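Structures for review follow.
Look for subunit A in each of the two complexes below; its partner is subunit B in the first and subunit C in the second.
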Partner chain A sequence: MHLRKETITIQERLGEYCRTGVELELPGVTPGRIHHYRRLISNVVNDTLHTAFPITVAALGGNQWELLVQDFFADGIPKTPQVWKLPLEFYQYHTGRETGKRIGKPFLDDLLYFEWMEIEIHTMPDRPFPDFVTEGDLFNDRLVFNPEHEIIQLSFPVHTHPVRKAIDLEGEHYALLYRMPESGHVQFLDLSALNIYIITRLQEEKVTLNEIKNEIARVAGIESGRYLDEALQKFLGDLMERKLIFGFIQN
Partner chain B sequence: MKTDKKILKSATMIAGALLTTTLAATPSFGADILAYNHLGTGAQVRSHLIDMNRNQVNPMEASVVKFAELKCGEGKCGEGKCGEGDKKKDAKKSEATTSEATTSEATTTKAAESKSAEAKCGEGKCGEGEKK
Partner chain C sequence: MEGKVGLGLRRDIAEEILDSRILTPDFLEFAPENWMGMGGAWKRVMDKAVDRFPITCHGLSLSLGSPEELDWQFIRELKSFLDENRVTIYSEHLSYTKSRNAHLYDLLPIPFRQDAIDHVVDRIRRVQDLLERPLAIENVSYYTPVAAEMTEVQFVNEIVERADCKLLLDVNNVYVNAFNHRYDAKEFIGALPLERVAYIHMAGHEQVEPDLIIDTHGQPIIDPVYELFEWTIQKMDPVPVLLERDFNFEDLEQIQGELTQIKGILNRHWEVTHASA
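And now, the complex of A and B:
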């Protein structure tokens, strides 16, 4: 639909007023009523962001959170027409401006990222499920993973600790988020670097568990693989039960 | 956002270091070398982390957070129409799915359960009743 240039200008000015609260002259506006637009739009934005980032709200406290939202709303100029993607823009806006560092909360990027990723995993389009069989040899057959998962790397373990403790544990932390096939619920795993290494190698480099086991045994200088076998069997067997691993590739 | 490739690279380096240090510390692997934590569903993780983080906020701040949880904000819009019907529906849905939640936990869990469901669109809350 083509709009007149004047209409576009009025819409943009109304949008600007709604974001900043600075009153502008707008033709056709009933005096004393325009603030309702700002209030209603603010409610939608506040509600969407608060629902998306409840842990961040709890960690920062209401006052600081409100400032972050106001800052984003006034200066961030949300671009997405999809309200559910607003939290992604909020995360990108504050990461881009290094807000966490500026306000002395270095964990902020991680916390926003972690909370956004749950929405992304829950909402992402279906990924095609590969064919698999449920019977097979864990060590010698290639494994089939649930494709609807993402591994995230965090500098602070905000997924397992309150921020006041996480801030002292800066390092490399990993979480894996995946969507359960039937229910669509997002599940969270807190994994070590070794766990991640095994999972990503099994998937990306298309090797068998036996090859990885031999590699670990060689690096660690283990001659008897008994403990390693048990550890791998327990770890991957558990992931199968939790439906992160579906089964085996059919030979 | 961080890509899986970068993560693999980083994890590979750390895994290598981990193996070396583990070897130095103990000559053989224990069965828990690959132990990990299943944190639960989104609602469980959120509920837990909100509680843990909220405890560190001072009481004044906590009350602000509680106010913010009113979501659509009864009294905020002043019309008393926004999403009232939906709130009741949401509450019923949440109650059905979280039978084990205690009274104090219920508020948190409701907010937690609603994240993925409502955040998907965030629309249709305000004034739906009016449209119909």
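And now, the complex of A and C:
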């Protein structure tokens, strides 16, 4: 290390001031100028987080939101060199500290998570697309899913309801977020636990719908038969239309 | 690339540039941090840009001047990105953007001191070694010196010479600093090792106080900066010139006008080949 202790202290003091706003003595600065650095840096952080979490900002209101940003900025250690990934660290920071509980907004974790996942799905690295054909047998061929999707579990259905309603619907909620193959736009589906089970099972190696039909009936607590077949056909046909299922691998 | 005029690739104008509707730069520059590790729609935009234009990269987060260790994981990822996208010039700021391992996402001024020179020289050399390409170091705008023990030009010159790196000369930044710290811009540029300049930046700025300009990249270039640019390029060999514009994209004709104006000045003073222009 070539840097003198004194130089390091000076550099760190400027950094600390920018993050906390607490003025520390700095030698050889032009009066009235330092605050511009804090202002410029705050603008970057505020804009980035505000753009990433519009629903959370609206749900909390300006003052409470600003406090969350200030806490994170002063106390969190942003590790990512890529500022567009900062919202993930903001979400992790507040979840780790149970901020939602502390401020009486128990939906906060879910809301931040869902809004981050929309960014994540939109920007995540491309996943290899498997080969498939578009014509096939829903029950006897293996189904090929759009690999660019993630399933998340939420305690409040903030993806389907305004926050003031979602708050009364605490439970087990699932959303599946995925990226449309051509446009890259993010779509999401609100799914039941049974739907999630079916989608997960069908993506396991070499499983066809026919092979797991009885299993599905058992999990759902219903008879395996025409009624179930029709329901599965409708559900999976819908997923095909929505481009979550691309097609088939013929057996 | 010598004598070519480029534009920063920002998301707001990416489509417009790729369709070459109003904006017709010769090459594009982007911040690797804003595009690294991305898939989906933005990856496709980037791939198209790389297919159609020569690319330079201007880094944001290397933090050459900070006390903590360099982020080698990031630098390795950066190297893959530069290789994959056939990046011709990679530049970074002579500043620091991290404090106690926290990224601050803005450019803080390094104290102009001997120990900071030694530190930065060592870091530039190590980064160049790992990236296997020269680094072009940009003179940054700053709003106050901090604990300086020498002049800015002494600081910049010794770093560039000893690190044996290239210089990214931001003419607007020189203008901004000369105004903010009351020194002579031409004298400053005249004292730089201009033979090391790999690249020039031009940009607009905003005067926020009677004695303070902030380097915003959001406004048109002002005439005194064009004049300083014209004066500068007569003292050096042809290099690529880039217009930095980060926001205020309402008037694209005006931005194209700036590209044209820069090119006009270049053509008055530099003999450049027009093979691919």
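The criterion applied here is as follows: the second predicted complex is superposed on the first by the 226 of 251 C-alpha atoms of A that agree within 3 Å, B and C clash if a C-alpha of one lies under 4 Å from a C-alpha of the other, contacts with A are read in each partner's own complex, and residues count from 1 in each chain.
By our rule, a residue touches a chain if its C-beta (ideal position, glycine included) is under 8 Å from a C-beta of that chain, and two chains touch if they have at least 3 such contacts.
Since this is a predicted model, take the numbers as computed values, not measurements.
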First (subunit B), second (subunit C), both or neither touched by A:L228: first
Partner chain in contact with A:L169 - subunit B first, subunit C second, else both or neither: neither
Which superposed partner A:V83 touches (first subunit B, second subunit C, both, neither): both
Subunit B versus subunit C as contact partner of A:T123, first or second or both or neither: both
Partner chain(s) touched by A:M240 [first = subunit B, second = subunit C, both, neither]: neither
Contacts of A:I41 with subunit B and subunit C, given as first, second, both or neither: second
Intersection of the subunit A residues that touch subunit B with those that touch subunit C: 40, 44, 48, 82-84, 86, 122-123, 185
Residues on subunit A engaged by subunit B in the complex (per definition of touch): 39-40, 43-44, 46-48, 50-52, 54-55, 57-59, 61-63, 65-66, 82-84, 86-87, 113, 118-119, 122-123, 150-153, 158-164, 172, 174-175, 185-198, 200-201, 204, 216, 219-222, 224, 227-228, 230-232, 234-235, 238, 242
Subunit C to subunit A touching residues, read off their complex: 33-34, 36-44, 60-62, 65-67, 71, 74, 96, 98-106, 108-111, 113, 115-116, 118-119, 122, 143-148, 181, 208, 212, 214
Subunit B to subunit A touching residues, read off their complex: 1-2, 4, 6-8, 10-12, 14-16, 18-20, 22-23, 28-42, 45-46, 49-50, 52-58, 61-65, 67-69, 71-73, 76-77, 82, 111-112, 114-116, 118-123, 125-126
Subunit C contact footprint on subunit A (complex, rising order): 1-4, 7-8, 10-12, 14-16, 18-19, 26-30, 33-34, 36-37, 40-41, 44-45, 48, 76-84, 86, 122-127, 148, 179, 183-185
